[in-house]
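You will see two complexes here that share chain A, one where it goes with chain B and one where it goes with chain C.
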Partner chain A sequence: MWERIKNWLEVRIGLDDLVRSQVTDYRVPKNINIFYTLGFVAAIGYLIQVLSGIMLLIHYVPHPDHAFKSVQDIMLKVPFGWLFRQMHVVGSNLMIAAIGLHMLTVFLMGNYKRPRELTWVGGALLLLVTIAFGFSGYLLPWTQLSYWATTVVTSIPTAVPVVGDVVARVLRGGDQVTGTTLSRFFAFHVSVLPPLFLILAGMHVFLIKRIGISATPFGLPAEEKRPWTEYHKKSHADGYPYYPRFFQMDMLMVMVYLALMFFLITVAPNLFFPEEATVPADPFRTPPHVHPEWYLLAPYQMLRIIPNKFLGIIIQLALFLLFLLWPFFDTEKEKNIMKRPMLRVLFLFAFVLWVILMFWGGY
Partner chain B sequence: MRYLALSLMMVMMLPSFAAAGYQEDFAREFLSKTWAGERIEENACIDCHSSDQMKPAFREITDEWKKSWHAKNNVFCQDCHGGDPKDPSLSMTHQRGFLGAPDARQVPEFCGKCHIGILKNYLESGHGKALRSTGKGPNCVVCHGSHNVQPANIEIINEQRCSKCHSYERAKVMKQALFLVEKKAGEITDGIKALRRAGIYTAEQERALFNTQAEFRTLFHTVDVSLVNERTDEFTRKLGAIERDIRGTFIELRSRKNFSAFLMALFSGMGVVIFLLSRPPNK
Partner chain C sequence: MKRRSFLKGLLAFLGTTTLVSFVYPIFRYLAPPAGTETSKTVVIAKRDIPLGDAREIVFNNVPAIVLNRPGKGLIAVSRVCTHLGCLVQYDAANMRLVCPCHAGIYDLEGNIVSGPPPKPLPKLPLRVEGETIVIG
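Entry: the complex of A and B
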């Protein structure tokens, strides 16, 4: 029976061939390391978000009069609702951390270099979409914390002359954060961002498959340096097959990701739910300390300390473009960061500054 | 190109030179605009009473009110004293319903506009009857204060206060009658605080506690010890139900912790198995 089903499928979709070309015969570089699994981990992270998000969607009501109550019902009355919400909230933070770490290791290993510029740009856009997921989802529980953090962040564009107020208005659907804002953010969170993420992830994977995985610059001679004027795939004929070796590494890291997620849910269930997150939104009462989630703290703090808000926004946009288009700025052929002291210093400087601003922003 | 990148990175140094004082500008700019949701209304009472031109004794009124339970619950000057806080020129006129400061006999009706049940019990009590007949009985502010009103607690009944008018013995018996219920209510308040710290929304329990406590304290204003003793069981039962609810939530939180710890152990174990099963690379 099983054989007959297999044959039926084989004739129609060529499953064996697909598995052979994409899994068992697909080769990865010999000196591949554990950090190469982070992209796969982020993809699994996305899957967890989708599944837990669907469970939340069944009970959530995107209306200012009901949003807070429905989220509290999910936490207190819906069977295992608390688990799906915790997984969704902790998972969103872990997913951003996984993608951030993925970008960081790709940067340190110089894997964004020619011909993988577009793979980097796709990855950076995926990080941006994931942060947009986090930001839009943050408002949905309609708590004091989410309401005022959204108020602050949607106020930031108003510092831009001429168009700033219009941008803030479009984001909020009015002069203030209201039910209209909640509807907009909800629609954006569940119907605009997911397909956008899938399209970008599809492009990202397509580029990785087409060009081939980049070997690390450490331990082995660097990849060929001739100009990339015509297409040739890096197939790593002397490398290891993806299955089972690299697949096992992927799965090991997925287990680490899941264990870390449940570790946080067990040991620090309130890590992402401070007291303000259990108080319903009150537009008439500004809480004393308003700040966004940890991943937006550094840009937030930078805006707070630069005297001119417009200048602050311009600097942030310039830095984002620099990050997004970094492979086009860094045209040096050398991949190994250990042989590039200037880049190393620059990286350390930016990294330390980011960490300082992040902690500073939390106060 | 590299120099352009370099110079852009250097721009990141700007924040280190910037002074932290700009943070206040940020808060002012982004949090106090009307579109940011905070609607600050002009209040003539607070503005005038806070100004330097006001006598110090009158200035203290707003400072005291700001610290009060009323202020925390959005009960403003006009809610007790009448008048129109939006119109400085006419705010203290009778046309705008200004009542001014009440004399001792008027105080119960003043507070009773909101605290209706308490007013009824108070007026029927020895305290209320004394005030009405002689004008010298204790009114609300004698025990609760006027502007810096704080949530009531059992310590309001004390020898120093009660013995101004009569012996403390009767008051002491009343305090003992209140003790059991008030103690339980205090424990429940602590439990609610702990639940809130654990990230649980406690509005339902808070409402139940508030209603029970308010009903019990309303009863106290009759100053009838036997009536309080008679109904103590009823209130203890009500508080017991809230207490069981809180205890149930703590048990639920513990089981959640155990379940997520089990999942953590499960995935950690699977990780270890995968690690052990990982075959060394083919040579």
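Entry: the complex of A and C
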């Protein structure tokens, strides 16, 4: 039966050739390491978010009168609703962590450098879209925490002269966070961001396949230092086949990801549900200590400590553009960060600053 | 057994176990919830349904109708058309129940007069206790 299906597909789409060229004969560099699997892990993380999100959609009601109760019902009444909600919430945080770690390791291995500038830009945009997923999904349970965190974050654009108020009003669909905001965020979360993510992810994978996987800068001659005057696909003819060798590494890390997810769900089920996340939204009472999720704490704290709000936003915008377009600023050919003391110091400074701001923002 | 075969078998076992362990939660999550408790009876005052008139009710989550037929007395039948589930309406002028979807026509006992319905409308238990009508 299986053979007949394979033959049927073979005659029509050349299945053998497809598997050979894309999987078994597809070579990866010999000095590849475990960190190269993080992109695949993030893709699986996205798949988990889509599947658990579809499950939640079946019982969730995007209306201010029903949203909180429908989420509570999912957690307490619907059989195994808690499982799919926890997977979605914990998964959203892990996915952002996986993409962040992926970008960090790409940065440290210099793999954003020529000719992979566009791959980096696509990856940075994917991180931005994933954070937008997290931010828009945060409001949907309509809790005190989600309501006021959204109020705070959607107030940030008001610091920009002339257009700031308009931007904030468009985001909220009015002067305050209301049912209109909930409808907007819901539509954005389930129908705008998913196709945007898929388009960017498709471009990202296309570029990786078209340009070829970059070798690590450690232990191999820096052959990419040669003049770059024409398209050249890096095929790693002497490398290892993707399947089974690298595929096993991919699957190992997926298992680590899943193990971490279910460990957190089992051992720390309230990790992402502080007390205010279990109280329905009250537009007439602001709870103390409102702050966004951990991945937005550093920029949030930066805005709080810079006395001029507009200046704070301009600095953040500049930092984001620097991050997005970093391959075009760092044109040094040397990929190995161990041979670039200045970059090492700059990275350490930025990293430590980020961590300090993140913890500071949480208090 | 070779090490490679053992590892392949172990991977297949673990993968299958992982996937199968989700089958029951997904099935339970998607299964329709158990029906909510509803009152076993519906009570209406007799004076609310004059002769030749009808009153629409909901009995155990099913739309139904109580008819006061001239010369034949009270009867309660389901309003759910046995063809494709649309709700029949009382046509007082012609003394019949008409389905608006595919023109199924029933008499006031719920029997098929014409059209595509395959079965009569189910009758509901009804009794009169003094000045009240009790359905159920």
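Methods note: the second predicted complex is superposed on the first by the 362 of 363 C-alpha atoms of A that agree within 3 Å, B and C clash if a C-alpha of one lies under 4 Å from a C-alpha of the other, contacts with A are read in each partner's own complex, and residues count from 1 in each chain.
Simple rule for what comes next: a residue touches a chain if its C-beta (ideal position, glycine included) is under 8 Å from a C-beta of that chain, and two chains touch if they have at least 3 such contacts.
Predicted, not measured: the structure shown is a model, and the values here were computed from it.
When chain A is checked against chain B and against chain C, the one touching more of its residues turns out to be B. In the superposition on chain A, contact of A:I265 is made with chain B only, not with chain C. When the shared chain is aligned, no partner comes close enough to touch A:G45: not chain B, not chain C.
In the superposed model, A:L357 makes contact with chain B only, not with chain C.
Legend: residue contacts after superposition of the two complexes on their common chain; A:P141 is shown touching neither chain B nor chain C. In the superposition on chain A, A:L76 makes contact with chain B only, while chain C stays out of contact range. Of the two partner chains, chain C is the only one touched by A:I58; chain B is not.
When the two complexes are laid over each other on chain A, chain A has residues 83, 251, 258 in contact with both chain B and chain C.
For chain A in complex with chain B, the residues that touch the partner chain are 30, 72, 75-76, 82-83, 86, 147-148, 151-152, 155-156, 158-159, 168, 175-177, 240, 244-245, 248-249, 251-252, 255-256, 258-259, 262-263, 265-266, 269-270, 273, 275, 277-278, 283-284, 286, 290, 301-307, 309, 315, 318-319, 322, 326, 328-332, 342, 346, 349-350, 353, 357. Taken together, the chain B residues at the contact with chain A in this complex read 1-2, 4-6, 8-9, 11-16, 18-20, 22-23, 25-26, 29-31, 33-39, 196-202, 249, 256-257, 259-261, 263-264, 267-268, 270-271, 274-275, 277-279, 281-282. Across the interface of their complex, chain C is touched by residues 55, 58, 78-81, 83-84, 251, 258 of chain A.
For chain C in complex with chain A, the touching residues are 11, 18, 25-26, 28-31, 33.
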